[in-house]
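Got a structure here, written out as structure tokens. Questions coming.
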Amino acid sequence: DFERALNDIEPKFGAKSQELKAYYRNGFVPYGDTFDNLMSTLERLVEQVRSSDKTPLMSILLQGSASSGKTAIAAKLAVESGFPFVRMISADEMIGYSDVSKSTQIHKVFMDSYRSPLSLIFLDDIERLIEYVPIGPRFSNAVLQTLMILLKKIPADEGRKLLIIGTTSAGHLLEDLGLVQAFSVAQTVPLIAEGKDFYEVLRSAAHMSKEDAKAIARQIKKPIGIKQLLMVAEMAKQSSDDGSVNVNVFMECLHAAGY
Amino acid sequence: DFERALNDIEPKFGAKSQELKAYYRNGFVPYGDTFDNLMSTLERLVEQVRSSDKTPLMSILLQGSASSGKTAIAAKLAVESGFPFVRMISADEMIGYSDVSKSTQIHKVFMDSYRSPLSLIFLDDIERLIEYVPIGPRFSNAVLQTLMILLKKIPADEGRKLLIIGTTSAGHLLEDLGLVQAFSVAQTVPLIAEGKDFYEVLRSAAHMSKEDAKAIARQIKKPIGIKQLLMVAEMAKQSSDDGSVNVNVFMECLHAAGY
Amino acid sequence: DFERALNDIEPKFGAKSQELKAYYRNGFVPYGDTFDNLMSTLERLVEQVRSSDKTPLMSILLQGSASSGKTAIAAKLAVESGFPFVRMISADEMIGYSDVSKSTQIHKVFMDSYRSPLSLIFLDDIERLIEYVPIGPRFSNAVLQTLMILLKKIPADEGRKLLIIGTTSAGHLLEDLGLVQAFSVAQTVPLIAEGKDFYEVLRSAAHMSKEDAKAIARQIKKPIGIKQLLMVAEMAKQSSDDGSVNVNVFMECLHAAGY
Amino acid sequence: DFERALNDIEPKFGAKSQELKAYYRNGFVPYGDTFDNLMSTLERLVEQVRSSDKTPLMSILLQGSASSGKTAIAAKLAVESGFPFVRMISADEMIGYSDVSKSTQIHKVFMDSYRSPLSLIFLDDIERLIEYVPIGPRFSNAVLQTLMILLKKIPADEGRKLLIIGTTSAGHLLEDLGLVQAFSVAQTVPLIAEGKDFYEVLRSAAHMSKEDAKAIARQIKKPIGIKQLLMVAEMAKQSSDDGSVNVNVFMECLHAAGY
Amino acid sequence: DFERALNDIEPKFGAKSQELKAYYRNGFVPYGDTFDNLMSTLERLVEQVRSSDKTPLMSILLQGSASSGKTAIAAKLAVESGFPFVRMISADEMIGYSDVSKSTQIHKVFMDSYRSPLSLIFLDDIERLIEYVPIGPRFSNAVLQTLMILLKKIPADEGRKLLIIGTTSAGHLLEDLGLVQAFSVAQTVPLIAEGKDFYEVLRSAAHMSKEDAKAIARQIKKPIGIKQLLMVAEMAKQSSDDGSVNVNVFMECLHAAGY
Amino acid sequence: DFERALNDIEPKFGAKSQELKAYYRNGFVPYGDTFDNLMSTLERLVEQVRSSDKTPLMSILLQGSASSGKTAIAAKLAVESGFPFVRMISADEMIGYSDVSKSTQIHKVFMDSYRSPLSLIFLDDIERLIEYVPIGPRFSNAVLQTLMILLKKIPADEGRKLLIIGTTSAGHLLEDLGLVQAFSVAQTVPLIAEGKDFYEVLRSAAHMSKEDAKAIARQIKKPIGIKQLLMVAEMAKQSSDDGSVNVNVFMECLHAAGY
């Protein structure tokens, strides 16, 4: 009804709920206590937006190192929220857009969200949205200002609620811009650091044998993001025919990937 | 008569008196002596514009930390002034506008105000109006100059009076731009710092029980803005079914919100 | 004749002689020796332009702190000069103009002035004309260059004379730009600093009783500009019904205004 | 079939597989163990993209000093990959293009690649693509952001795979921009440093006699890129009629070329 | 004939020979040995362009403090050269022009000059032409490059000769830009520093009585430019009815003018 | 045939072979061993491009102080090369052009050159082409990037060869931009420093008598560029009627010219 109405008339910008599943298409496994606590806090906040009368607007910033799994987490929360209006705003849909066009485009998604009783907007890779580069630094101030305005704008009509989830690998840099403080809440997505967490991910997500997983988990000394860990595991598998992974080969691939 | 004439012909830009009530829709409670003195000073200044022949122009800057309640205070004064012409200029109505368009838009509101015998213009979040970011810093000089000109321009016709109220969380930064000195008067909106003030707000605005309010008020060590205090209280309520708030849960939520 | 011709054909830009009276509509009282010497020097310079054959071009810069009364003095001189062509160029008539438009507009006023045998051009708030802000600093170089060219351009036709009066609160900053040196003469408009001068202004311009004026004049320790002094006096009057002013109330208002 | 379809409808931008052979038209000889290991690692990564289900996107950055042979290596890999879609993006096809046009052009090549099951995009001389100059530094942030977005964008449709190979002589500078970290893997193309490697290249690629090659190989003390070595050899040949190369002449030419 | 042809077809940009007389309409008196040597060197250079076959292009930069008389000297040389083509390029004829328009305009004057056998182009106040301001510094690089190109471009046709004279008060600043070195020759226009030179100017150009001139000449301790000296003399005359000048009055006016 | 075809269809941009003779119209005399070695090295490089199969692209940068004779040398090489396609790209043919137009124009000349079997492109005064000024520094990055791309682009068709000769007085500054390293070879054009070289130039190029030449050659203590030496000689000749040159007069003129 409401959803159909929106679909009939709105342009096709902004990934919607079903499409977001692709961001964790290779599975979504827990990897440690910090991860569990984080998911649990986030789920509580989503629930608060759904049920509280005093929360017409909430914004959550997921920060963490590159490849730590931020996009997957945000996408999962969005899909599982079940909110009638779910949209993702990401830079790859606005390549070649002028500052003004980007601001207008982003504004439009927010304006559409105000028409739904329960909306979720997912801003992925905020540094890419504002075109941030640490040399200078340079960034689009127009898009930055637009985000800072919309992060604080309470939906005008009574009873409308909006949850905004953002992700960034450059939290400390965005803090200098005043952008982190514009979010109601900030949460850190951790790297994988514990031996048992390495083991878990290599077993469940990389589908390694217990022996391979154990041998490798013992060797990794530095914390690593889940995306990189899985990529290195796949690289290491190429050297054998049967999908098994030799520890030394794994460590070599780890090195080639920059660790 | 005058009001109707204006309404017939003018475009629909700029929130008017009735709409401003939304900015304190969850109530407006006093919280301490500093707050009371502030409100009383401000009310006297509004009255001066209304009754003095020697005051055709006055501008008041409300500065204070983010979330201290500046917008609510300014909106309340505007609504209660009863002036025939009341307009709010805020950045969210000018998203995507070029420098020139913003200057022209702002100028238009002031030009309209000169036609009324008693006008009030509310400039919310001045740093957003001038697109200020502390890195660089970068800002729209065109809009800044427009504001500095209009803050000092006395209505040309005799007997016309204009009161301008501005809010900002970045008073010290705007001072470097020369903007603070352009206002006739500057007043600071305080954070809540005293135990009894925490208690008052938790009781009256957050509708907590006396016990909960007292227990929590004793624990808060750092000053906090009213907006954040109320948000944390709402977050803490989610953990129980009956709206009660456990002190430890409250302190956790306080921490998640950045305190 | 000449005046009528100009009026018939020229656009309506630039406040003319009669309109300038508004800038001292609340009176114009002397306040001390420095003030008297200043007015006397300025009147002599105006006379020189009127009568000397060797003075086709003269420019005077009135500098001084904000609110010291610069605009009122310049406006008074302009009105009292009796020159057939008198125009004021101020930033509020060029809001939203591009650099090029502003330069062209200013150039046009000067070109019109060359057609009159005796012309006076009043440039108010030069920092606003060139859109100056001390952070950066940023300013319109196009308008600055235009002013520097026109400040030195002698009217081409023999017998034409032009007097230019400029005002600024940022003399030291404009000096770095080379703009102060472009004026033939620079004069400083003083703040009110002497007890007897405070008394004089409170009596004559603020219409206080002798007792009130004397009590307050004794208390003011810091120099203040006439505009601010008069504003504070008006603020203080609000607390009583009969226009009298209590000293303590006055000092409070002084403090609220930033002193 | 797929290839024909693409060819029928697509514009003629971007060198394709056959044209890439020109980048090593003068031969492609191995010169040492480091070179062999590098080629072998790169070939394994190309194979991984071809056969792994878990690798829909991989990006490899070839960095090294100017003239070390990066373009030749990347071109060879591209030609030998046999992928149905192979395109080269290089700055010389976008001379005079605006920022927006370049971003749009690059985006278009990537969008075309998503339609093929196995695609390879070769970004040559990344510093030229982003118009980088170390003074300032200055660069096109729009093109930089476009690359950083597309380097991480996984083809939306299941089963599509994309391999991106980039070359740069300014790896350390691009690292400050965050561009190096956007690649999955970075590999260094070495200079020729060993006497036996000099000998090999002078014999096989420069077609020198054993005696000439040996005499010269003994004299070269500093590492040099293969492109420069071959150019100097050709310069030195001019002094004789029979293609032989005198050692002293060679060393002189080496000096003239900047060594 | 040539002159008439040019006049028929060319636009009316650029003051020509007769109009230049206005720049020394109040007389042109020698004031000292340095002045005489300067004029004599300059006249020799003009003659060289007229008669030497080996001098198709020469450029002379007159530098010196503001008000030292540079424009008057250059104008005099231009008028007295008798060259068939004489044009002045000054910023006041290009107010509001874009960078490109200014470059094109200046280029056009040079292109016209190449059609005459003997041409003189006078560039007055080069810092105004390139819109130079020492804060930043900021300037029009497009106009600067145009000047640097044209200062070195030899007229293409054999037998054509061009003399370029430029003036500037900011020689040291223009040197940093590389502009001073683009001139063949640079000469300094001196301030008046000697007592006898002050006397001479006050007598001959300011038409003072011997007594007045002598009394004042004894009092001036700092060097001063001729333009300022003459302006102060005129100011001082206003205080008396008969054109005589009292020493003390003179010193006061000197002080008011910034000395 | 090829030449005629090109001439029929191509626009008339870029000085061609015959026109380049004008750059040494006053003669071209050798002045010392360094000069002879330089000319000999350059002639060998031109020959290499003509006859070697392995040299489809070569670029030579002539750097040296202002007035050292760079343009004359480059022009002479171009004329004497006898290549069927010879073009000069210099800034005076692109005055007022936008960045994009300049890049497009330069690209066009290169594209035309690829159609000839043997081409020579002469880039004079590279700092003027890229609009370089050392304050900032400021320069056109678009033109710089275009040059860096085209300096390395090998003509696509087999058998086509291109020689690029560039001149600059700012080699060290262009080195910071990475432009010097883009050339295959860099050669320095020397100043005249030896007594016997001064004598030679004054005799052969300035046509002085042996006595004059000898007397003057003994006095010059600092190295000087040939262009400046010849200009000073001509200046000194003006003082006499018979073309002879007095030593003292010469030294004075040397001083006036900045030495």
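We just call them A, B, C, D, E and F in the order they show up, numbering each chain from 1.
As a working rule, a contact is a pair of C-beta atoms (placed from the backbone, for glycine too) under 8 Å apart; a residue touches a chain by one contact, two chains touch by 3 or more.
Quick caveat, the model's predicted, so the values are computed rather than measured.
K.L.:
If you walk touching chains, what's the least steps from subunit C to subunit E?
P.N.:
Each step joins two touching chains, and the minimum needed here is 1.
K.L.:
Could you name all chains that are in contact with subunit D and with subunit E at the same time?
P.N.:
Of all the chains present, those in contact with both subunit D and subunit E are F.
K.L.:
Please state, in steps, how far subunit F lies from subunit A along the shortest route of touching chains.
P.N.:
2
K.L.:
Is the contact between copies subunit A and subunit D built from the same residues on both sides or from different ones, judged by whether over half of the numbers are shared?
P.N.:
The interface is built from different residue numbers on each side, given that under half of them are used by both copies.
K.L.:
Considering only mean CA positions as chain centres, point out the chain farthest from subunit C.
P.N.:
D
K.L.:
Could you pull out the chain whose C-alpha mean position is farthest off from that of subunit A?
P.N.:
Ranked by distance of C-alpha centres from subunit A, the top chain is E.
K.L.:
In whole angstrom, what separates the CA-based centres of subunit E and subunit F?
P.N.:
Chain centroid spacing, subunit E to subunit F, equals 33 Å.
K.L.:
Could you put a whole-Å number on the gap between the CA centroids of subunit C and subunit D?
P.N.:
67
K.L.:
Go ahead and note the Å separation of the Cα centroids belonging to subunit A and subunit C.
P.N.:
Those two chain centres are 58 Å apart.
K.L.:
Quick check of your reading of the touch definition: is the inter-chain graph here a line, ring, star, complete or other?
P.N.:
ring
K.L.:
By the touch definition, the chains form a closed loop. What is the full order round it when you set off from subunit A toward subunit D?
P.N.:
Sequence of chains in the ring starting at subunit A, next subunit D: A, D, F, E, C, B.
K.L.:
So in the complex, which bits of subunit D are touching subunit F?
P.N.:
For this pair, the touching residues of subunit D are 22, 25-26, 66, 91-92, 95-96, 98, 128, 131, 133-135, 138, 230-231, 234-235, 237-239, 256-258.
K.L.:
Subunit F touches which residues of subunit E in the complex?
P.N.:
41, 44-45, 47-48, 51-52, 54-55, 100, 103-104, 107, 137, 141-142, 144-146, 148-150, 153, 156, 158, 176-178, 181, 184-187
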